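In what comes next, chain A is part of two complexes: it sits with chain B in the first one and with chain C in the second one.
This part shows the complex of A and B:
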């Protein structure tokens, strides 16, 4: 998946207002980040990558870049 | 011998807590946002002196208005909120309902999978010739286990009870089951204190999660994301296995009723499984998640609304605390 496509999916799933996400954006700095965001990310990864990521691992994610590493770099192209 | 659900009814406690009420109590809680995410507008909550046994009694009374109680010969009661360690709630209920003394009666302790397991037990009792008319009551009051300042769980869970009669019939209308258990998930939905392993502790340490919800080992703890993970991994497998065991395809299923956990999870599962929205029930608006009562409440509401009718094949799936899950197909 192209990184830009992933960023737009995150914007959609997390219902983020601004469209200026970059791989360096810190997820918890987003005003929309809340109790359901972790579930939204789990749902996105399940639906588009057919992978399960644990809530514990997600808790250690800071930037979107970290999240992409957790999903696996091999799933992304520039 | 074959079995069918011959009567079904439910009871919800009188007290209603709306999202607006929560907004007053927790000013940072946005009632419209709660509704859009969870699909819940309001939930019923048992009174201080009202227990799962009381709710179950009312639900059973409702169903016995339509079915002669003298013909009930077995009582199954499902709750995780019993009145006593002993005796079992089912024995107390036998006397309160005035059921025959010749019946068998027992409790079993399950949460969101409880109704499907109840159907499996009732079907077994009937097919073994032990019973002809089983009264199955699923009743829950999770609100009694939740910390008053745990707004996330208070938002999701409602209290309620359902009662149905499962009867002997000529043709099997409760088809094969797929059941499963994985105790490795026990820590993700648990009330730690209050049993014999860990006594209730007035000085128990309270913790706050990053969203400001309070809980302690005396209260219900739910790791929502991990429960979500368990569900999205396990449900597709159990659905497939159940369809295979019955030799039925999803296209031959007329309607699907899952445990009503929350709207977000149900919508994701529906899409993942490729089930059309018009065949899939989601309704938590007025009840929230009533644990083992959600599926029978949904069946009753779907019958009343004409969403399911005689002859329809309905796929049921319950999943949650334990972990425990169960899937079956019933014919209406």
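This part shows the complex of A and C:
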């Protein structure tokens, strides 16, 4: 998946207002981040990468870059 | 009072969790158990845990009723008519509203709701049902009556199951078939473990705290089902038996 596509999916799933998401954005710094966001990210990864991640795995994620590493770099192109 | 001898009990979702515990408890109370589920190997594991001889199993997809009826028909020909049914097959789904879609709701409802009603429809036919009467038990959930964020599909499916059970109870009363729901709160099963993994640790701790008697064991729910299947519950139909360690009052 292209990184830009991933960023737009995140924007959609987390219902983020701002459109200037980058891979360096810290997820928890977003005003929309809350307990539902974790469920939404898990759903996104399940649906688009066919991969199950746990809330615990997400606990160590700070930036979107970290999230992409958790999903697996091989899944992304520039 | 909880004796189930001379009764044949069909259990869906019998390969794990509450369904498996129901099978073990029903056999211990003297029933002949008919196990069904998707995974033959796991059904055989359940079978190996049952007391007594002469139990049955068949693999099935509860969303394919034509195939299910063919399997049921050949099973009943050997086992004799069905005197009890526990619908324990169920899908859990933790997703916020914004990530839901019609096919996702449909998949949850197909197994949690429609399968229960469709199997009740089949089993209430004269050729399958015990002429002495029968008892159907649907495993609902406290989430049928209490909401939880991220659970729109699951909560609504369990409410639908509880609602339908009451209508079916009225329709089948004249056939001496009772229909009830059991509403467990959080029970330690593989499904619950998977659900906990999708929630932040703080939410998990909070959920556990909401159970004054702690989380339940599958056996705790199974024994409530056994009571509803037994003649001891002969005057109970269309009800919701809450088995929740105090969750609802906390």
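Annotations for the structure displayed:
Convention: the second predicted complex is superposed on the first by the 78 of 78 C-alpha atoms of A that agree within 3 Å, B and C clash if a C-alpha of one lies under 4 Å from a C-alpha of the other, contacts with A are read in each partner's own complex, and residues count from 1 in each chain.
FYI, a residue touches a chain if its C-beta (ideal position, glycine included) is under 8 Å from a C-beta of that chain, and two chains touch if they have at least 3 such contacts.
Owing to the predicted nature of the structure, the values given are computational and were not obtained by experimental measurement.
Once the two complexes are laid over each other on the shared chain, residue contacts for A:42 go to chain B and to chain C alike.
By the touch criterion defined above, A:13 reaches chain C but does not reach chain B. When the shared chain is aligned, no partner comes close enough to touch A:72: not chain B, not chain C.
By the touch criterion defined above, A:55 lies against chain B and chain C together after alignment on the C-alpha atoms of chain A.
Across the two superposed structures, the residue set of chain A contacted by chain B and also by chain C is 35-36, 38-39, 42-43, 47, 52, 54-55.
For chain C in complex with chain A, the touching residues are 94-96, 98-99, 149-150, 197-203.
Contact residues on chain A toward chain C in their complex (touch as defined above): 13, 15, 35-36, 38-40, 42-44, 47, 52, 54-56, 59. In the complex of the two chains, the chain B residues touching chain A come out as 37, 152, 211, 213, 223-226, 228-229, 232-233, 264-265, 268, 271-272.
Only residues 34-36, 38-39, 42-43, 46-47, 52, 54-55, 58 of chain A touch chain B when the two sit together in their complex.
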